[in-house]
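One structure is given here, and the rest of the page talks about it.
The first chain written gets the first letter, and so on, giving A, B, C and D; residue counts start at 1 in each chain.
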Amino acid sequence: MPSEFSVRRRIEFSETDMAGIVHFSNFFRYMETVEHAFYRSLGFSVVHDQHNPPIGFPRVHASCDYSKPLRFEDEIEIRLRVIEKKDKALTHQILFYKLAGERTMEVARGKLVVVCVTKGTDGRMAAVPIPKDIADKIEIMEPEPPLARG
Amino acid sequence: MPSEFSVRRRIEFSETDMAGIVHFSNFFRYMETVEHAFYRSLGFSVVHDQHNPPIGFPRVHASCDYSKPLRFEDEIEIRLRVIEKKDKALTHQILFYKLAGERTMEVARGKLVVVCVTKGTDGRMAAVPIPKDIADKIEIMEPEPPLARG
Amino acid sequence: MPSEFSVRRRIEFSETDMAGIVHFSNFFRYMETVEHAFYRSLGFSVVHDQHNPPIGFPRVHASCDYSKPLRFEDEIEIRLRVIEKKDKALTHQILFYKLAGERTMEVARGKLVVVCVTKGTDGRMAAVPIPKDIADKIEIMEPEPPLARG
Amino acid sequence: MPSEFSVRRRIEFSETDMAGIVHFSNFFRYMETVEHAFYRSLGFSVVHDQHNPPIGFPRVHASCDYSKPLRFEDEIEIRLRVIEKKDKALTHQILFYKLAGERTMEVARGKLVVVCVTKGTDGRMAAVPIPKDIADKIEIMEPEPPLARG
């Protein structure tokens, strides 16, 4: 995965709120959608996992900065970059773009920090190193620099 | 449970859509909320179950008829009546009322048909009789007659 | 629209519940997704409407019968048939299929009854005839016959 | 509002995901619930607003740090502190506690940064000072210090 990973989707009616825009909590669902698609692109599923014992990636931090609203039927592109890879954790930067003809416009950017865990023999979750077959496929990228305001 | 069971809630912003009203799918979430509160009132939890093997109540049918919209900050009462009790299935009628001072106004009515299941030794779900300790506590009621339309 | 209309999607993690399957309320969101895509295929948007005054299609009835569960990463096809066209209302039958290689398997079927409304000069919603340019494009189909249970 | 503001709720089944815990995006819905209840406690509603022109508080930043999972039927308390009050913006710290008998246990903490806006004569949203009648009622608090880890 030497480059940015992205998915596209169209905003659904049920994702809007009475302000006429996408509810801010839904950006976090979109982040997860691109994250899971990214894992699939590496041949890994958070559910259909071939590792023994199975691993998962619960999030310890999630954040989003909003610059423009999204509306019903907008077409968007969501781009993921792994900006930090530690032994047991990954940090994803996730950029939201609204597509409008030839132009794309950034509307929000988020961050997910996830930790690799597995269930110990005592039934409790514990952080473990990311399996080598997955870690080796993940290349880190520079974060997108902040938008100039003004 | 010789009589109607009810819960109250206030409509949240994230439950509205860009039409300014509660999204129609959320009425089904509300139905489940009153259903689970009803089970708790019988001393039963769909999750923390004391039966062996554990049972669950997946739905095989859900429906709703909408007569008036609900809006942000509306206070509502959701009433559940068990209108049919079979050996392995229950039918719940669920009535939605908007509270406005002394008055209450019906805004929607729904129906859930749920089947009692457990996991067999082969790992597959199979319908089983509702345990006697639960079934004995459930009294059926007449369904609320349809609203006269005028 | 002489034939069935359909869309495909992949089940997202946030659509599942602790039973490990798609929460039953989400089938109603999926129904709306295919309904809106169907309108777009007719050149009509429930939001970007060219009619004057603008029209909308609030639902007065929604129902679903569930036969099999859906799980994370399942690929599904959702098919819409207009099975009744009245002067002011449409009835959609909506069929859910799980795609698995060459095979497709029906997992649920739903129904939406929607009424054409517009806002009157007094600001209240009132049912109105479906505009001719939309109604003329909609062909009704036979409903899919019930599944034989065996 | 000289002190912390809080609301309680019970986790609903539809808020869980297939990992058996509350989906991380739902913490942002809960944040909004306590935020709106806080405004109501000041005599202000984001919807039924008495100001002219009406104001709103869209979020420009939302974040959450997760330390423990929440599960179905858990009872939680969500506490809001205004930790920064600027001319046109507020920063809310939001603390999530799981209630278990006498004990409460912090499970997550979030932050919302909201900006006061109104619609200009050109129809576009613009940041404006928080009305004095609202601003005067809001007292800022120290943020809760970070949890010691280890």
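Here is the rule we go by: a residue touches a chain if its C-beta (ideal position, glycine included) is under 8 Å from a C-beta of that chain, and two chains touch if they have at least 3 such contacts.
From a predicted model like this one, the values you see are computed outputs, not experimental measurements.
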item: Comparison of A-D and A-B by number of C-beta pairs in contact, larger one; value: A-D
item: Chain at maximum distance from subunit A, centres defined as averaged CA atoms; value: B
item: Length of the line joining the C-alpha centres of subunit B and subunit D, rounded to whole Å; value: 29
item: Between subunit D and subunit A, distance of the C-alpha-averaged centres to the nearest whole Å; value: 23
item: Intercentroid distance (Cα basis), subunit B paired with subunit A, Å; value: 35
item: Residue numbers of subunit B (touch at least two other chains); value: 13-14, 18-19, 25, 29, 32, 47, 71-72
item: List of subunit B residues in touch with subunit C within their complex; value: 18-19, 24-26, 28-29, 32, 47, 56, 58-67, 69
item: Subunit A contact footprint on subunit C (complex, rising order); value: 12-14, 29, 32-33, 36, 40, 45-48, 71-73
item: Subunit D-facing residues of subunit C, complex; value: 13-14, 16-21, 23, 25, 71-72
